[in-house]
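First the structure, then my questions, so here it is.
Think of it as A, B, C and D in the order they're written, each chain with its own count starting at 1.
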Amino acid sequence: MTAANGTSVSIQNLSLNFGAVTVLETLNLDVANGEFIVLLGPSGCGKSTLLNCIAGLLDVSQGRIFIKGKNVTWEEPKDRGIGMVFQSYALYPQMTVEKNLSFGLRVAGTPKDEIAKRIARAAEILQIEPLLQRKPAALSGGQRQRVAIGRALVRDVDVFLFDEPLSNLDAKLRAELRVEIKLLHRKLQNTMIYVTHDQIEAMTLADRIAVMKGGVIQQLDAPQTIYNRPVNRFVAGFLGSPAMNFIDGQVAAGTAFKTGNVSIPLDRYAFDAAGNSGGPCVFGIRPEHVAFGEAANTMPFATDAAVEIVEPMGSDTLVWTKLGGHNFSFRVEAEKTLRNGEPIRIGFDPARASLFDSQSGNRM
Amino acid sequence: MRYKLLTAALAATAALQFAGPAAATDLEVTHWWTSGGEAAAVAELAKAFDATGNHWVDGAIAGSGGTARPIMISRITGGDPMGATQFNHGRQAEELVQAGLMRDLTDVATKGKWTEIVRPKSLLDSCTIDGKIYCVPVNIHSWQWLWLSNEAFQKAGVPVPKDWNEFVAAAPALEKAGIVPLAVGGQAWQSSGAFDVLLAAVGGSDAFLKVYKDKDAKFAAGPEVAKVFKAADDARKMAKNTNVQDWNQATNMVITGKAGGQIMGDWAQGEFQVAGKTAGKDYTCLPGLGLNEVIATGGDAFYFPLLKDADKAKAQEVLAETLLDPKTQVAFNLKKGSLPVRGDVDLNAANDCMKKGLAILAKGAVIPWTDQLLSQDTQKQKEDLFAEFFAKPELTVEDAQKRFAALIASAD
Amino acid sequence: MSMANTNAPTIAASQDNAGPYGPKPRRVFSRRNIFLYGTLFVIAAYYLLPLYVMVVTSLKGMPEIRLGNIFSPPLEITFEPWVKAWSTACTGLNCDGLSRGFWNSVRITVPSVLLSIAIASVNGYALANWRFKGADTFFVILIVGAFIPYQVMIYPIVIILREIGLYGSLSGLVIVHSIFGMPILTLLFRNYFSSMPEELFRAARVDGAGFWGIFLRIMLPMSLPIFVVAIILQVTGIWNDFLFGVVYTRPDTYPMTVQLNNIVNSVQGVKEYNVNMAATILTGLVPLIVYFISGKLFVRGIAAGAVKG
Amino acid sequence: MHTQGRDRTALTQPADEMSKSERPNPLFRNLNAKVASIPMILTAGVVFVGGTLWTVLYSFTNSKLLPRLNFVGLDQYYRLWVTPRWLISIENLLIYGAISLVFSLVIGFLLAALLDQKIRFEDTFRTIFLYPFALSFIVTGLVWQWLLNPDFGIQHVVRGLGWESFSFDPLYNSSIVIYGISIAALWQGTGLIMCLMLAGLRGIDEDIWKAARVDGIPMWKTYLFIIIPMMRPVFITTLVIIASGIVKVYDLVVAQTSGGPGIASEVPAKYVYDYMFFAQNLGQGFAASTMMLLSVVIVIVPWAYLEFGRRK
């Protein structure tokens, strides 16, 4: 029960029901000291709810929550040693930035000079010194979110909770702040738990990502692992843009995947411990793992196809074609010009593919 | 005045537009007679009018004259006049007449020889403006009565008083028996009226006329009126536990023996009658508070707005005649508790109190009443003053008299 | 994580050395709850007391009212007062109770509500989306007008109605209600339409829709909440009106409130409190029902129309 | 709303300028809107402004039963300001106004805050608090007059329970009658205020509450320092609604006390009505009306201007 030295937040058997509706189901999660964890999932998956439970803003139905080794299941949010940043910033609109930062501390009775010191530090880190005397209405979205982060910062806590902090910003600002948060994490070395539905944020920021769906953590792993070896079809489909190609078909006992007139050899595919029992399954391969033209021929699997639609995306181009009667996309360099209907050759290494059981959706 | 002409013309056109043709002519009559006795009395008028082949459309407005008059006036000036309407005769409708909104009844009056039958003559005078008659007086109402509950005095173990002074002396005994000595309803006109009665009774007729007719402010500030204020001070002390608003609720306190007495007009008699009480046996009435037996010739009158609809105009004449018909007069006034306006009617059916009133009238002990002497404006200011005086013990007799004198000085 | 399934059941959890488990225990009778619900119940009692007294009194006979206290339930329930209030109570010579006034009130309320809302919604729409020069001036005048005591305006309105020949008619009264309902309703509609997305209006204009086209086809269908509020406010306001009803109509078209006043003030001997209370409830019934049915929509609509302002 | 308004003007203006050559007469710009606003313009111009000017004009005359242009200068005003009843009316209005304003806001807000605590039966409680608003002042006045009548009402009942010296007769005691009237006024009016406040509270971002909890700010401090300042627009709307009701107070007084005992509970609107119609002294009534209008204008116009005017 004692949290390991390296454990910052530990969630044990946590469940949450609203009446008959189960929002979180027997959830377990250990977050190491200084780790950046991203809770990722579509809306309604329970990721924000989980964050609110950790913050103490929601009462849990079952289970325990430890922060820094202390059981905080029944503690008030303010006593949990957390700071939180909200999607809507949740700044107190009638107070200046400085007051926003200091209000909680003053209520808690922190000495004046200590407050001043903390505000100065937070303002310096976030570069909001010139804004201290302004009211939130006079700030841009990015500035507001910085202040919101500052409010968590001055609390001098171990764990930072972010609830979709960048969702209200436009794409450019989002990218900028993403980098800033990453830098902030590097500088502070705090534990951060970050909720988002944006897979790019998840991939770029996280030490580990917890992909959630239906109140259950589907997969908890480093971004690369999740990207490359998704545990089920949901995780595979949720991460990656453009999305992974999925092809329905059959797997014949450990040898090949068949769909239509196409057969893909699976001898290089590393089946899970459960092994391959054959039967209907889904074959998944990411567009960026597909080779094209000359390079295709060097791949363990290659086939002929015809270009159907070309989608130039600037940095590269997405090409749509058919594989065994299924829509199939892959990426080529932006310089390549392809015409509709042009015959091409494509190929890939099945070792980079993922196979999912049609029934359970689990990785095979 | 251009305005007057315009008003009259508009009133006329409006009347034309909205008064549809009717076979037996409907005539809307507005009034504020809604208490038990009053409603019974007005039913007699309606019965008599319906008997002429026309139809009385009743437009009663509850509350009091104060509530009803603005509505009536708005309708007349707004160009939607009724067929006939009640006012207290006197100065309430003066300006409506001057603005040419009311019908001249001189022809009807000449035909019916009103000048000969209506008595006292002063009644018709208040209907007359510039030599023309504009209203039909229907009754004489006198304010100057003290109504006493025999039962209450019996319970208190004191004899029924014969005048105001005895009544004041009996007040402590009544109070001891848990009886409110004097019932005065909360509405302003009641306390103001009570004072006027005290002025006429305690001060005497001359004092009354000096103040209200001559508007002699110096006299009003003088020692004679001070005596009246002293009496009013007694009255307010005796009345301080009356927790009712309406006059007839106050009367009801006397009827049920919860209060010793009430200073109220003869219309209170209608309530005693409806309650099945007998004058002399269950209650006692003292005209002029037993001090100065006079009767004021206030009362109700009907005015007829100018209508262009010929049928309605004809019906108005019929109603005017009906109202003064001897039979109607008797039937109406018996129910209402007031005195008829003609001397030639048979009133054998009248009760004790009414007979006392008739006797005083015959003697000629008659004074005009405030409705005839004062403008509504002055009346209202007077009401405000006495409402405050009766409700606020901190308002001293001296201050009140000073304010009263100032009011009389500016009265019109 | 491995010990996940070894946890003790909830009840024993607090004894478990692992410390608190599951939901924070909340007693039903916590100090907070006692305070919260206690306050609510006390205040609710204060609000309900008059209604209770009204209902109880209206079901008692007069002797019982004289003897008992006003809070005790009726020993013997009688519907006599209700019947009397509805159909036989007298004012002057008319002894048909409130029944006549009820239909008059309906005849006054329905067209007044429709007309005032029609005018005010168009006003609000014009002010929010088609501002023209001077519009704000008129609007400010209108708002100031909301503060003018009605008594002050009685006489000028008598004159205006007389000049246009509508004095004493039902249409005259309908116009008066529309005039005095206009300030607050216009404010509500203006705020509501202002809070609608700009793009809608723009898109409709680009599509070539005009003033009325946008109003009828775009704005109206989206305005249910604010119309509900407007209807509730107007139905109660107009139904409850006494002053205009008595001044600008004639006795045969008196609304129910005037008849209520007549019945209550036409004291014949003792005040019949039971009849008065029954009459009072009957008169208030229509707006009360409107509120009970649409209370939730009212709050929502108020949020949309008033608060965003 | 205001920013949108600004945008909207910006949107329509260039289009208008572009087509200036085709539409020479600015009168026809936005013609439909102007036509549609005719009822509003007539109401504002003829009824409110016209009626007001007419009233002010005749307040300088000695009109009695009928309005006449017989000017007497400021006589009506001199008389008005030495009339005890008018002075009492003003004093009462100030007391009543202060009580209504403070208690309506406080009670309305407290009720809304209580209902906002995720309580059970919220709908029921809300309906209970709101239903008096559906009743007219006449009805409200009658019921409370009945409840506060010392011979039948609360005082009678409490005395019946054995507390013989208990005294509660606010409507029959000159010195407190205006407070007694306020009891009924608050009963009738706080429900609506609560609704407005509740709507305001519901409009506040949930995250603000969460942020305050994480910051460890106690609930009452959150309300006081964060939520209430955020509800400024709601408070202003509410204030306007309450204030407009205060100036107009009339029926409630008539139904409960008719201004009594004596003239202890008189209010200005009743003075106006009584002197215009009972006393048949229109001039005096108009003078009193003018004073009321003046006070309304002094209070409201600056507010209305700030709120609606400057953001053109």
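Here, a residue touches a chain if its C-beta (ideal position, glycine included) is under 8 Å from a C-beta of that chain, and two chains touch if they have at least 3 such contacts.
Which protein is which chain? UniProt says B = Probable sugar-binding periplasmic protein; C = Carbohydrate ABC transporter permease.
Every value quoted in this text rests on a predicted model; they were computed, and no experiment measured them.
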item: Far-end chain from chain B, centres as C-alpha averages; value: A
item: Pair of chains joined by the greatest number of C-beta pairs in contact; value: C-D
item: Between chain D and chain B, distance of the C-alpha-averaged centres to the nearest whole Å; value: 38
item: Gap in Å, rounded to a whole number, between the CA centres of chain D and chain A; value: 54
item: Centroid spacing, where centroids are CA-atom means, of chain C and chain D in whole angstrom; value: 15
item: Chain D: positions in contact with at least two other chains; value: 67, 273, 276
item: Overlap residues in chain B, where contacts from two or more other chains coincide; value: 70, 74, 77
item: Numbers and ranges of chain C residues touching at least 2 other chains; value: 154, 159, 261, 264
item: Interchain pairs in contact, sorted by label; value: A-C, A-D, B-C, B-D, C-D
item: Contact set on chain C toward chain D in their complex; value: 36-37, 39-40, 43-44, 46-51, 53-54, 57, 65, 69-71, 119, 122-123, 125-133, 135-136, 138-157, 159-160, 178-179, 182, 184, 186, 191, 194-195, 198, 201-202, 210-212, 236, 239-243, 257, 260-261, 264, 273, 276-277, 280, 283-284, 287-288, 290-292, 295-296, 298-300, 302-303, 306-309
item: Chain C-facing residues of chain D, complex; value: 1, 4-5, 7-9, 11-12, 26, 29-30, 32-34, 36-37, 39-41, 43-52, 54-55, 67, 111, 114, 117, 119, 123, 125-140, 142-144, 146-147, 152-153, 156-157, 160, 187, 191, 195-196, 198-200, 202-203, 233-234, 237, 241, 243-244, 247-248, 250-251, 268-270, 272-273, 276, 282, 289, 292-293, 296-297, 300-301, 304-305, 308-309, 312
item: Footprint of chain D on chain A - complex, ascending; value: 52, 55-57, 76-79, 82-84, 86-95, 103-104, 107-108, 151-152, 155, 163
item: Parts of chain C lying in touch with chain A, wherever the complex brings them together; value: 1, 3-5, 7, 10, 17-25
item: Interface residues, chain A side, partner chain C - complex; value: 1, 12-13, 26, 28, 30, 59-64, 71, 73-74
